[in-house]
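By letter and in written order, the chains are A, B, C and D; residue numbering begins at 1 in each of them.
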């Protein structure tokens, strides 16, 4: 086996040193009846690289890669161009095969990167402190809810109806076990988010209100008004962002008064990957909340010679120290994805991020106008960044499937996101990024027109 | 521009320090009439990664990649599976973006690798010393001829008719300018190489006889007999190998008495790449000939503290020291390809190389037997390793083109290699490696049968 | 040369990405939310970026550089083929919400991996979506809670051995349970009688690690499971140490109801400096109905389906306790883990366990003359060797030995864990180390151990030859600086 | 930790590649040549292999780690996009002898790159097949010789300036010419009058580097060309320094007949620790008919053809002097170079030259108070700054300064070249260095220059902080050890 360095001669010599006659003697503590007598059922013997690669290639060809079709999906996962140097950096063995940086003297590479990452995220979100990343946006969202409970000591959670339904479902799932009360709703199909309705649901028992920005229909809610209302009731505003590129064009949630800002960082550096691994971002506007945060945090310090250095810090919040009293059971961050995000963000810089955002928005505006010209198609949004909702007047799931058969990946139907909600079934979410070409938009327009004719 | 770090503010500050007012002032020595007034004709402005990648992808799709078709080409370039870790290693920035190791204190990585490479090549070839690589097999072949001239002080070169015709043409081309006399021939279409005919052409003026092993028709000549005959006349035997994997199964040229062994190393680690960059291998059986060798050599030494280290050595042979008296004008080796070869060879090891060779030979035997069953097809070779010649009874070029239209890359016609030689036009060279599947062989057999029917 | 922060060398107007210039301030549809103030994100050109991160990377230790003797963390070689297959566009460039007709291959990968995980563990089902080991633990415990609630049985306590990973009690607490410890017996294993005595109608289950964190196989595992089941509880097994037994022992045969699998440990997806992980949870027949959505299922016609909220009923899975995460889990890790399993095959995986155990015992027996091996007399260890600090000179600690090991060119072993051994040193070499590599490590370890016994005070200031000397963690925690404090402008 | 040789850690029976076992000694068709003796090739498993080469790599300096001030060698950033496109299977996995109908895209790449090289140099044709710069030089000189022979004019001498690269005289000699030097004038350029005086019916041509190796533009280039042409000779230009003028000046406009282009210099294909290079040669109308086969040509119908021996007549190219190499040249470098050209575009390439020249002058003017700049008074330099060792303390040399620079974290500059300046130091920063990076380098350089002037004897033993101290090159050459001498068995 190419991955196993021991030779038979090595094994014999080592057994001699140990003083046993066979490897089996080392498994003496495993009761006889628990030992497998033969190889695992059905699993073939070891295979060479070629065979494995061919198998995986064969499976991959049963997928339609986004790059091989006009592609318009978003809804929490966005396709952006990732510069080639990002993948180069994350394949450096010293990053790829490093352990969690618990030994800071020999992990400054990862630690400094995390410190830079935390600063980038905090600034992007308009916050004081960001952590070293979470699993993904949806779990970060739940962690924010849990943290709001710790901070406010309240148990009632108000979810915006226009929160990503998977995110809402994760919160509902976890809340079942923590006995939080979840006040949720369905999204209202109107051009502007229903802030008034949301605000009306905030009461004196509310720990937090959770609002997506831009929301699941692509609309851009006025977070400032919600923050004000929440704070008036002693509740926190948790802002959720699933498209960080948008924040190159619109105000940051922190700037607008959000107390905890969480989101999905996948759009920058990470890629689609069929949903994972992704990158949970987590930040708080007020540095005093840092000790209530979940997850790893990297901080600056000095070494014995006075040189600047970085360490994982405030670990007294964490499970390996606090055990059952930890702020979260989380023990992993999404290190390599954080690196990819940070490298891509460094390549972009402020100028690049703003251009990227402008380019996304301008193409999306073009696309929205073009598609709204199709008979029977109506643009829902008054505001949007790079994703908007069309009403097709017919079940959008069927349309999406039909277009997929023709090789066009038309977007995400609201029926897929909110199964069984009839009022939403004619909605189609369409995302447009810098990877979308004008030909793609034309192809979609024609295909849609034909499908609706 | 993403590759240019200077900002406008930087440029101004730098011009200030220099004491000129504009960049143009730095080009003052360029006569006005020689300066381009506008941008280069027709070349567009700078383009983003996406645009460039799309353009290159579009061009690449006009090629039929070997991996996308049943593939049987050889004739000096072989398709083998390259382990994924090889590409990982050669993409390490410290190897990829390093300079020629003229400063050994900070180039031990490249130097130790070259020392290991030289040893691997020397052993594979059955030689005492190998150099740090040449451009490719064909230029190494000419350098061997030139070296034989230096060693023997003779000017007559005997080329085997079964030497790769491109190699022969490179030798003939260079010899036009050096006034060497080239005695060449066409290959004889028979099952066993015409050693007697070759030996008969060696005379007392012959500096060297150049023999390919296995030869261009895939046959395996008995180098030992030729070596003996050459040495009897005071000539050197230059053995040329274009498929290093073969040497895992057959005796090394050095072992059989070749004085200079050269070849193409592409088959191990490098890949097809439409012909380049490839990897010229160059070795001499007798260490005393080392000072007559062309190209870079890496040698062992010690540093000021007595630690083992490596340096480029015997550079008094080379152009940057000897100028017009150098043994060659060569000043580059094929460093990164040598690294790829060395990593792949290290992964293989002796056991792996032998298995790889055995697997190639056994599949080739199967294929030869299968194809020889096709009516009208005749197997020429009495001996072969992983490549053999079929006689089709009709112009093989036409057959190859027709099969290519059907998506089968059937092999190399002798007509392509030896244009205009009617006697060879029905010959088809078929190469089979571990990347060939039994289905590929069946596909070729059916297609061939149909084409010949 | 010290590497500056990007904030110290970048400029807001520099960019390493070429994008069209679009004038800001034109008409837009941003709902009046246009960003106006500077964000404070410096940019670097591509040459500067590559150099910055290349230089940073060289301050890290990594498997590609040397042995990582981290007990319980299984730092083994990451095959490069797996990196390659994960990057095939058909996997890497696919959106999680594409119509299922366009992602059949992705679903096949998930289903195929799920199948082998089930076979390798002898279980009945698997929840693939958990994002990491701890997330998988949580998933398993939630399955247990859902199963108990489904039978109207509101139990309150989870039993955890003292030697457990910190995630175990944290998970149980997060899932709403009270955590109680189970004592260990003298040879480092769960005290079966004490456990039996504690079982009762308030105990939801136990969380056990097997092989345990002392590196020992829990001989009584089956008896433990039987006792827990008899008392109406469930058995959670922490799968962190599965590498020791993969292909040799199936936890399902020992009565385990749920076990997470850290794909980055046993199946060698890269650790990446702290993630991303992936923590599928295999489940017994009793727990499978409660596993979360989504999952994949192959029907008799061979088609692999994606089972989500809307079609759970078709697949008889309406008891699912909910959803752990958006989308389908860590696809990028699934491709790697599947390639790993297929590369090793049945023979290779068993050899993995055998060589991992052989290497650990080789280390145990090459050091136990010099170091206290608390359970060394009770037979072989599994894939990790455990030592204590007995015999160290006054004033020198396990930490000092660990930091001195850095100067020898190695990452330290796991320290002060498990808690049950004083000054614990837990060494897991894994199967991807050669004998020559182990011998070199043993020599280095003996040298620092001898210095620790002899009382070499210089060890207190180690490391000397690392990119940094010891870092002041107290200062970092007391006055946290968690982001660069410089100005947002240039 | 010292990294051992693979021969010291590998075993003949170890392999990092899984292949079927096929019993040796069975029937075969090897013509009786089966190998029986051991070869002596050790194998390593994949983990050991990756670690060995990763560790080795860390003993190298590289552009990815820092500035490479190597005059005349143009070590600039290598864009990662170019690595990516070179690996597209449609380019990387294509055989050179595939039927042309299956390689149209590859021929398009060659032809497109050829087109831009011609446009950028203002020439008439280009031979794409030369494998490296020196190979290109040879190709150019052979074109000249073929052209002269075609008109029955057997000239014997090639004139080369004293400051030329060593390859120039070596190439001329290899092509059968006698080499004579042309003197330089006081400001570091070719002495036009002396050259004119030497021209005559025996002179085949001149080989000139422009910008020259002193970093200066040959102001009289056009006059030189005119004089050479008037005397019936040809002008070869060494293209090593094209980076200084790309997009700004076209050598064809200056009367050049042939010039090789090091794709790894101006067009940034990676240096790779010494290759592979790629050296296309652009040719004037007079020389184009003699260029070697194969090449590509686009016909009026837009199709790109491969022109080889058999169809040379169709393309009116029967005067080709022959073939420089098997197959078609360095395809893998062509894809990278084309991506580089398209990425930069017309504006970016001109900016490359401008920034390269700006950076060099910035260095010249930041050091010329401390170091002797022999041609510093005669105006700006082009893309490299030249200094001499005048002013160094007794006993300290350019070599000592170079080795001390290593301790400052930099690769040394080019030393003792060009030969016309005593203790020459030739510094080429290239356009991919930032101002901050240059300032740091200047500071380091000033510090070692000051030490050299002050006579700091410690410099004679530098470097102190590199992976190795100074190596004994004399011993290496006197008793060459060119291969590992250990046994072939295990």
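Convention: a contact is a pair of C-beta atoms (placed from the backbone, for glycine too) under 8 Å apart; a residue touches a chain by one contact, two chains touch by 3 or more.
The structure presented is a predicted model; accordingly, all values stated were derived computationally and were not measured.
Enquirer: Weigh B-C against A-C on C-beta contact pairs and write down the one with more.
Expert: A-C
Enquirer: Please work out the Cα centroid separation of chain B and chain C, and write it as a whole number of Å.
Expert: Inter-chain centre distance comes to 46 Å.
Enquirer: Can you give the whole-Å distance between the Cα centres of chain B and chain D?
Expert: 20
Enquirer: Return the distance between the CA-based centres of chain C and chain D, expressed in whole Å.
Expert: Distance between chain centres, rounded to whole Å: 48 Å.
Enquirer: Residues of chain C that touch two or more other chains: which are they?
Expert: 11, 13-19, 44-48, 50, 54, 58, 63-65, 77, 79-81, 83-84, 343, 432-434, 437
Enquirer: Spell out, as numbers or ranges, the residues of chain B touching 2 or more other chains.
Expert: Only 1-5, 7, 46-49, 83-85, 87-88, 91-93, 347, 434 qualify.
Enquirer: Please classify the inter-chain touch graph. Allowed labels: line, ring, star, complete, other.
Expert: Its topology is that of a complete graph.
Enquirer: Going by the contact rule set out above, which residues of chain D touch chain C in the complex?
Expert: 1, 9, 18, 45-48, 50-51, 54-55, 58, 63-66, 76-77, 79-80, 343, 409, 432-434, 436-437, 440
Enquirer: Name, in rising order, each residue of chain A that touches chain D in their complex.
Expert: Contacts found on chain A: 1-5, 7, 46-49, 83-85, 87-88, 93.
Enquirer: Quick check on the complex: what are the chain A residues that touch chain B?
Expert: Within the complex, chain A contacts chain B at residues 2, 48-50, 81, 83-84, 88, 91-93, 347, 434-435.
Enquirer: Considering the complex alone, what residue numbers of chain D touch chain A?
Expert: 11, 13-19, 44-48, 50, 54, 79-81, 83-84
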